Amino acid sequence: MPDKTTVTPSSVAGAGPGQTGSGVDVSAPSVAAASELASMGGVNKPRSLGQDAWRELRARPMFWTAGILLVVLILMAAFPFLFTGADPGHADLRNHYLGDPQWTHLFQEDWFGYNKQGQSVWARTVYGARASVIIGICVTFAVTVLGGFLGMIAGYFGGWWDALLSRLTDIFFGIPLLLGALVLLQAFTHRTVWTVVLGLTVFGWMQIARVMRGAVITQKQADFVTAARALGAGNGRILLKHILPNAIGPVIVVATIALAGYISTEATLSYLGIGLQPPAISWGVDIASAKDVLRDAPHVLLVPSTFLSLTVLAFILLGDAVRDALDPKLR
Amino acid sequence: MGRYVARRLLQMIPVFIGTTLLIFLMVYSLPGDPIAALFGDKAADPATVARLRHEYGLDQPLLVQYWNYLTGLLQGDFGQSFTGRPVADLMADAFPVTIRLALFAFGIEVVLGIALGMLTGLKRGKFIDQLVLVLTLVVISIPVFVLGFLAQFFLGFKWGVITPTVQDSMNLGQLAVPAVVLGALSLAYVTRLTRTTVAENLRADYMRTALAKGLPTRRRIGVHLMRNSLIPVITFLGTDLGMLMGGAIVTEGIFNVQGVGNTLYRAIQTSEGPTVVGIVTVLVLVYLVASLVVDLLYAVLDPRIRYA
Amino acid sequence: MTTTEKTAAVSAPRTPEAAGSPLLQVRDLHVEFHTRDGVVKAVNGVNYSVSAGETLAVLGESGSGKSVTAQAIMGILDMPPAKIPQGEILFRGEDMLKMTVEQRRRVRGAKIAMIFQDALSSLNPVLSVGYQLGEMFRVHQGLSKKDAKAKAIELMDKVKIPAAKNRVGDYPHQFSGGMRQRIMIAMALALEPDLIIADEPTTALDVTVQAQVMDLLAELQREYHMGLILITHDLGVVADVADKIAVMYAGRIVENAPVRELYKNPAHPYTRGLLDSIPRLDQKGQELYAIKGLPPNLLHVPSGCAFNPRCPMAQDVCRTDVPALAKVADGRGSACHFWKETLHG
């Protein structure tokens, strides 16, 4: 939808009242009680955006929930042996085929029972965190770099660059992430974490590019950019020193929120058999192999599913928190 | 308006060509020989392979193949699958099922999502708001395939409310649970989006004016708030219909619904190039038409938008 | 629209005003906002009154409580966070704070109307101005869509919008700022209310348009013999149109007076400061006077007189005792311990 011209009320109203001609302007005009309140609170104690954001975040139980979940998760991904002594690959088909969970055996091998290969569900769940976290973070990083770069070029140089890159964005937007990644990854007979990262990046960068393009276009028209140009700054300098720092906020917000989606999509791909492949340990792979025994041994499916959902939840909450912190308008 | 639509239709052409070309290239130029895959693990007779390759035009340069596909498409010919069946036939079987499923999910998402969003937006900060907000978070956090298995396990196996898999893919009653699973994520998004825009517009100056005019609450909410709040929601809904049809891959697989998702998934796994390209082409068309409709609707709802 | 609403709106007669009894009286009004940071006392015991045909100007900085008072009168405060712990708002002798929600709604727009500062954001962006004007008649008088549209055109003519008939279907963003504010005025006038509250009606407009809009408002006020409360921070606007002035500071009225007397001889140092900071042609070249300091944070209002940290005349007593509104003359008051010195200084 690139060719809509919108006149938003705020863009006009935001210009504010001009200096009144007669009399004296003793105040910034305010109508709503709310805006009066805001000015009252802010008069003696100006707070920076960062401080304000942190103050806002601290007061939220959701933020702390996300924080604790993320710390546990990242520890699990980095040092799985801290959580379990069991070997996730060790299969004992004879003794442990679909062994029931022993809920009281906290953190032990049989805590969550065994799968149909006789592997410890708990060990596999712990070791499965790594793939999700690595893929989530790497894809987010990659799409931010790729989408950010293309969006910046399109927004800053405009003209043909913009037309070309915007069409390219439209083309990729026509293919949903899961679908595109499925078709692309199917061609690789041997898939690793990095193949999956590639697949998700190729079909995941478009939103970042659009957001970056929009932010750059807005910033390009800002007075300080005009000033920098008048002072003779070159394109590279203006882009990196003036525009990027001011345009990166919305990009970070979108990227953080998307992170949860990448983790979910990776699990879905692996579940469909077109993401990670055994012997790689991934929640998606484990859930896929557990689905046949869902009726008899639901725990084999439910345990990794729960961890997967909690991971996605943690990153969604993180995304929400980052958005609230960086975008005070939404508060 | 007429000119705007014409222009938009013209603009859709390069995007359509680009997207189908992209899929085409991915399916045919990446490593992996679909003809060899036809024979599975058996060693194929080279002469037969060569004959088949020629029959499907796979021995020609890729762009020529694409050109042939595109010209065929203009005559309504989606080509032939490697099993010999016309792709159009395959799709004629599968699409009615998925369209039902997707529209069912879409209906749930629109009605329930907007209702819940309005409710929570108006009651922001109240218990019901917090409850719905947490529920949407839970739904968003659970990947669709997990949600599908949860529904299948509890409703199907444990409580026996539904048959674990769909027996008759055209039966709306049996499609209910798959539709809920398919639409759940979007439902949560619509709820949250509506809630945000309602809460935002509730604070708008014109809502204060409506109050100062002495308008009854029903009118303030129903006329002044609704229209402004739904504009962004409609944008989301428009792009979502296409997403739902694409997202059916997972849901249809779990519940064994014989629709596009299942057909496409099997085609991808067996490197059934013509079928993959054909189905994705139609999905892209759905997506493009839906975004055009949204843009037009948007301009009708918001007079500030000009046809540029 | 129910039938009861219709009859109530139609049958309520415009009672002739008993001489001397004001149209609106605000008595000892208090408004607080309960925020996370604490209770903000935005209005602390405000008294004022307006009669039919009279213009009261309420002057003050942002945060002085002038707009909050107006919103309390209109009944459009968000409660919560706002709370009115004390006070009366008498409209034709009846306390509006004791009315039911439905009674209150029927007063709004029909008997007391409000004009807001920013017409662009105050008008609904997706509804035509004709619809928004006609809505007044449809809701309060039960007119049909067609009749309401005719009335809307009539109103647009009244506020001198050129080619009203052709523009009735246009949307707010298609009008210029001045025209939009005229539409706001037309909307307020629609049902010929007894009282209009105009909250900074010209602040958002170009200087040249300001005078036109203000003149139109004054003209229509005379024509309909309405009471007008004009909320502003602009002393220049006030001088031309107001009969009397109430100056507000930190939620209190610090001085009230007939407009000429206040200009000639202010009885509160704050008013004096405001007047002194007006640029004047006969004092070219001199540095402009400015009141030092900043308006108070209402979460931590200074003890005693709220103005004392900024007041050139402040003594110890000003830091401990809140000055009451002392009677300076008939219809004149000042909330300053040293009003006599100010008046004669």
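Order of writing sets the chain letters: A, B and C. Residues in each chain are counted from 1.
The working rule: a residue touches a chain if its C-beta (ideal position, glycine included) is under 8 Å from a C-beta of that chain, and two chains touch if they have at least 3 such contacts.
Chain-to-protein mapping (UniProt): B = ABC transporter permease.
Treat the numbers as computed from the prediction; the structure is a model and nothing was measured.
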Original post:
By C-alpha centroid distance to the whole-protein centroid, which chain wins?
Top reply: A
**OP:** Using the touch rule from the top, work out which pair, A-B or B-C, shares more C-beta pairs.
**Re:** A-B
Subject >> Length of the line joining the C-alpha centres of chain A and chain C, rounded to whole Å >> reply: 48
Original post:
Approximately how many whole Å separate the CA-defined centres of chain A and chain B?
Top reply: 22
Subject >> Distance between chain centroids, defined by C-alpha means - chain B, chain C (Å) >> reply: 53
Original post:
On chain B, where are the residues touching two or more other chains?
Top reply: 205, 208, 302, 304
Original post:
Residue numbers in chain C touching 2 or more other chains?
Top reply: 116, 118, 121, 125, 173
Original post:
Could you say which residues in chain A touch two or more other chains, in rising order?
Top reply: 7, 31-32, 34
**OP:** Enumerate the contact residues on chain C facing chain B in the complex.
**Re:** 1, 74, 76, 105-110, 113-114, 116, 118, 121-128, 135-136, 139-140, 171, 173, 187
Original post:
Tell me, which parts of chain A touch chain B in their complex?
Top reply: 1, 3-8, 31-32, 34, 167-168, 170-172, 174-176, 178-180, 182-184, 186-189, 260, 264, 267-268, 271-274, 287, 291, 294-295, 298, 301-302, 305, 308-310, 312-313, 316-317, 330
Original post:
Within the complex, which stretch of chain B touches chain A?
Top reply: 14-16, 18-19, 22-23, 26-27, 30-32, 137-138, 140-146, 149-150, 152-153, 157, 164, 196, 203, 205, 208, 235, 242-243, 246-247, 249-250, 253-254, 264-265, 268-269, 271, 276, 280, 283-284, 287-288, 291, 294-295, 298-299, 302, 304-306, 308
Subject >> chain B to chain C touching residues, read off their complex >> reply: 204-206, 208-216, 219, 223-224, 227-228, 231, 301-304
